[in-house]
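Below, each structure is written out as structure tokens.
Two complexes, one shared chain (chain A), two partners (chain B, chain C).
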Partner chain A sequence: MYDLAKTESAVEQKDTKISARNVQVYYGDSHAIKDVDVDIEDKTVTAFIGPSGCGKSTFLRCLNRMNDTIDICRVKGDILLDGEDIYDPKVDPVQLRAKVGMVFQKPNPFPKSIYDNIAYGPRIHGLAKNKADLDEIVEKSLRRGAIWEEVKDRLDAPGTGLSGGQQQRLCIARAVATEPEVLLMDEPCSALDPIATAQVEELIDELRQNYSVVIVTHSMQQAARVSQKTAFFHLGNLVEYGETGQIFTNPVDPRTESYITGRIG
Partner chain B sequence: MTDISQNGSTPRKHGETLLKLTARTKRRNAAERRFQAYGIGAIAIGLLMLVILVFNIVGNGMGAFTQTFVTLDVTLDAKKLDKKGNRDLDDIKKVSTFGYAPLIQKAFEAKVGALGLDSGLKAKDMAGLLSKGAPAQLRDYVLAHPETIGETVTFRFLANSRVDGYMKGRVTRDSIENDKNITAAQLDFTDQLVQAGVIEKTFNPAFIFGSDASDQRPEAAGIGVSMVGSLFMMFVVLALALPIGVAASIYLEEFAPKTWWTDVIEVNISNLAAVPSIVFGILGLAVFINYMHLPMSAPLVGGLVLTLMTLPTIIISTRAALKAVPPSIRDAALGVGASKMQSVFHHVLPLAAPGILTGTIIGLAQALGETAPLLLIGMVGFIASNAPDSVASGLLAPNSAMPAQIYEWAKRADPAFYERAWGGIIILLVFLVTMNTLAVILRRRFERRW
Partner chain C sequence: MPTFWLVVFLFALAAFGYIAGRARALHSAGGNARDLHSLPAYYGYNVSLTALVPALLVLAIWLLAQPLLVETQVSRMIPTDAIPENSTLGLVMSDVRRVAEGLDIAVEQNALTETEAGSIRTEFTDLRGRLGELGVALGSDVRPEVLKAAQRYRVINSTGHLLMTLVVGALALGGLAFSYLRTNKDFRARNVVERGVLALLVLAASLAILTTIGIVLSMFFETINFFKLHSWTDFFFGGTWAPNFRGDSELSILPLLWGTLYISFIALLVAVPVGLFAAVYLSEYAGSHVRAIAKPLLEILAGIPTIVYGLFALLTVGPALVSIFGRGSEGLLGVEWMAGATSVLTAGLVMGIMLIPFVSSLSDDIINAVPQAMRDGSLGLGATKSETVKQVVLPAALPGIVGAVLLAASRAIGETMIVVMGAGAIAKFSLNPLESMTTITTRIVSQLTGDTDFASPETLVAFALGITLFVLTLGLNILALYIVRKYREQYE
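So, the complex of A and B:
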């Protein structure tokens, strides 16, 4: 049913990058994430799958504390990044987000030039000493975002003038520019056409060399194509987590099986 | 109106032709046409009113921009103006305006003689064609140029408001029957002088740039000084309302937690926008003048009162502009590790700026046309000093404002002032239309679509 050859061969043991224990998330009185434990590995693509509204985005947003911006949202439990509690009162979410970058569902470049889109993060974090440094960071990031060849002649053009797929790769390049260690992607291809999707998926596979990538997707084919680990969420619970190949060929939980065979969704 | 119920509808049969309208479709189309007709009618009435208004204002007010002048060669008789003959300014100053009146009468006599006219009028009545300010104008000139005493100098005097009204058609021989200020013989004389080119009606910049004048001299009144007062106030409003309003909006919209007390503030700001302006006036009188002892009639106080009035407008439009910036931009900034404040100042505010500017300009335009609160704090001061002095007098010296000046003129008895009130309205409207156009252009120019 799915092309699993690649993912099956990629199974090997990696270091744990993020470790979550007993995570609960509430929106006001509603309990959106229930008791989730998960270990996300370094230099691995981890996919979160599950039916709409099951809490994939909510959990993803816990990992870089974007939930802090929602007034009614409360997070309980421990989330450790390299062994440090990211919800510790001493942690400033601003520093955390430089380490844990995020790419959103809808491409959201700043309405500024392509150059400034990339340069913004490094500028506010003081990553470049001078203009030449910054130019170098911009070029490197755009190359990592696999979009350098397409835009190198028009760095001054507005980022919002690019096509949807280009915009999303620009956003990935922007996230990469702050030298993060983890990249969170919330359905990064849901607004893209199949060709742009293929390009972004290829890019995600390359990003695995340097980052721990967590991707939320509603497409099981995509999860199977790009991820090594898969977590299946259902109604706020983490139902099953394991090697992607195993989840898709030999799920343990009947709910996982129903979902991947299309009976719930 | 849009009945989706089944009343009167015949059940649709299969195979019915599309080329014939059913009764139901016809009724629906008719309702749509009627509705469009109502809309067009409403717009037509609105446009008609606007046209009538513009015609009325322009028709009544254009006269204020021209003025009748009398050109005379006045001999500055040394025997009368400087009896001692030593050109000592202090001695020259001793001659009051009364001492100058005979010079003007002489000039008229000379003119009539030179032109070979016979009006049958006494010299005093001939001089009655001029504004009551003519001798003062002469005196001011002499004091400024004492070296010209003894020479003959050409002057352009303002004509009396009746003569001016006659030139503009406002005053006729019938209308002056009971008027002590002018006689039919004087009007005949006016006709003769017009023929001879001594009296002419020309564009009068003094109306736009000059100061108000006393009840007796409508021909000399101008709106310039109250324009300066209005500009001072707009400066105060801009300097206070824009930063305060924008800061308050940013805090409320981006930072404040959404709790019951932010709701209370929100409701109160909306209410404040609906408070009648006269309430702000009495508040300004009580707080700024009676309690803080700021001077009466000062543009600073007027500006403060108008700031209170403009703040809600600016806050409401700024919050709307901030709300219109898509949340995805904030997410994007936070996602690369920008702080809340960086995301607001680097990304949200620039995108909201056109909306904020538009709201500010509209708020300023409102404040510019506001009259009632100014009456309460006494900003109808009659200021007789002209441009450089009035501008230099600053924010604390008594001043007037354009709408208050217009109100003041409309209140005075002389119909010549009435004309000036309309003229003032034209100038005020030019300002308002310019500002609103600027707001529209800014909005069009910088409007972004995401």
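So, the complex of A and C:
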């Protein structure tokens, strides 16, 4: 049922990329995330699973401080990226987000050309010295987004004119173009059909060579297929975190077992 | 019976119809409302609507049509040689109406009996004197053919009125009886009422559209009259605006159009950046508390009557500009560029202030319509807020903002009070914003106020100016709506 071979081959000790300790998140008066401790490894795909409203997306958005854009949201606790506290006042959230890229639930290409969509991040951060350099970054990113072959002849066409699956791969390529160290994906396949989903999943597996990928998903099959580590959230608590194979075959906590067998959620 | 009591009677009948219809429906179902096809009230509405609506419609049409019919009937009685030199049939007819009204008042106050009013002759009675005693002043002695026409006028009018009362009353009673008899428990009253509501809504919508068409047509015919008296090449292509009453006026729209567009341009130069930046601040940066206070405050600007802006231009902005650019060595700059308070710059600045809420409110709505996902996408790539606004939000909102600016431009072109008070009255081509100039709207006001003679081109030119202005703003509005609509499709 689950692709255990892949996950087992990935079981080897990796460096910790992100380390969260005692994280609390409040939306106004409601306590959305409670005491979450988690270590996310480098060059690994980590899946966050759990029922709707369990806080997995909220926690994901803490990792690149996207929650700062929500007025009523407060985050407490420590989140360390490469040993540095990302909520330290010295840290510029803008620079942090360049290092920790994000792909959203709904494909959100800018109403610009495909080329300008990809070149957006590199231009903002001054990653290209000249036009030729930028062309190269765009091509490399589109290739990594596994969409180069489909769009190479129409880079001037608007990004919004692509199909849903193509748009999402464009958004992944756009995130990759800024050379992030961590890529956060918030249900990246929820708006896609099975074929596009398979393409994106394949892409995630390739991205693992270079990045630490964190993916929120509602599909347990998807979590089992693409991830090496899985975290199960329930009602704002991190219930269980471990090797994907172990979580899906031999969960420790009874709540995890209930969820993956479909009894809660 | 005066028309007022007729209307009261109709409404009373409708109220009675409601009660009767409802009762009959309930009775036919043996008192059990659940056996009825519709709720009992619908049967009541059905009866009262069939009693009321056709009768009211006929009443309205009759009230509009009767004066026209009476007019044509009576005006035939006045022979052409009875119309004095330098007068028209229209003037004689207004005398006729005046005399007829005077007779009505005389009868009402028992100064004359009904038969006397119908039979008196100017040969034997000083009608002007007698009506004067009753407070009806006539301009000249009543001539026999006028009095005769007036008496005829009264007769036709009162017959018409009687006939109208009978027809409307019969229609109301007939409608009531018809739908009362149709009322039984299987009658689909709800569907009928629903259709009635639909008809009412369609009527309201078409009234608004017909009014617009009516306005355009009335302007159009007067414009045709104008072009019969004045050459259209001078109007559209001439270079001078110089009306006089010697009959050789030069009436060209171009200097006025230049003033209008120049002032509007300055107004937009003020309103667009300020309004747009205010909208960006309100929608992207301001917290919910600031927004809750600042947005209504900004929109108060939109509620200020334009005459108040005009006063502001005349009393505050104009003198302030003069103290900067004028007064020679006493002025702030020590120059003598500006003589009076009225100038293109004065009117443009104040009109710009007036347009700020217009631009900001529309742009704010459009910026808010840009999906949050766009902003998240940009912020998630490490862009700052202003980079996000500049490179993602504004480009996405641009077509809508262009639409908002065009709407503001059409407001500016049609604006009247501010330019009447702030811009001056001199029609000329000049690039100097410190000189006073005039606009199309100002000239319409000045051509139509005071003593006007609706047969001279100097007055009729106002209609030609008006319709040109209308076409101009209509074009801008259509363009703006087209752009805004196209933009809306982008996110659907």
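Everything that follows uses one rule, which is that the second predicted complex is superposed on the first by the 264 of 265 C-alpha atoms of A that agree within 3 Å, B and C clash if a C-alpha of one lies under 4 Å from a C-alpha of the other, contacts with A are read in each partner's own complex, and residues count from 1 in each chain.
Just so we're on the same page, a residue touches a chain if its C-beta (ideal position, glycine included) is under 8 Å from a C-beta of that chain, and two chains touch if they have at least 3 such contacts.
This is a predicted model, so every value here is computed, not measured.
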> Looking at the combined model built on chain A, do chain B and chain C fit side by side or clash?
Replying inline: clash
>> On the A-aligned overlay, A:140 touches which partner chain: chain B = first, chain C = second, or both, or neither?
In response: neither
> Looking at the overlay, does A:218 come into contact with chain B only (first), chain C only (second), both, or neither?
Replying inline: neither
>> Just checking: does A:34 make contact with chain B only, chain C only, both, or neither of them? Give me first, second, both or neither.
In response: neither
> Looking at chain B, which part out of 96-104, 114-122, 186-194 or 366-374 clashes with chain C after superposition?
Replying inline: 366-374
> Residue overlap on chain A between the chain B contact set and the chain C contact set?
Replying inline: 64, 66, 69, 71, 94-98, 101-102, 104, 106, 108-111, 120-121, 124-125, 160, 171, 174-175, 178
>> Under the definition above, what is the set of chain A residues touching chain B in their complex?
In response: 64, 66, 69, 71, 94-98, 101-104, 106, 108-111, 120-121, 124-125, 160, 171, 174-175, 177-178
> Which positions of chain C touch chain A when the two form their complex?
Replying inline: 287-288, 371, 373-384, 387, 391-392, 395-396, 490
> What residues on chain B touch chain A, complex-wise?
Replying inline: 257-258, 326, 328-339, 342, 346-347, 351, 448, 450
>> So in the complex, the part of chain A that touches chain C is made up of which residues?
In response: 64, 66, 69, 71, 94-99, 101-102, 104, 106, 108-112, 120-121, 124-125, 160, 171, 174-175, 178
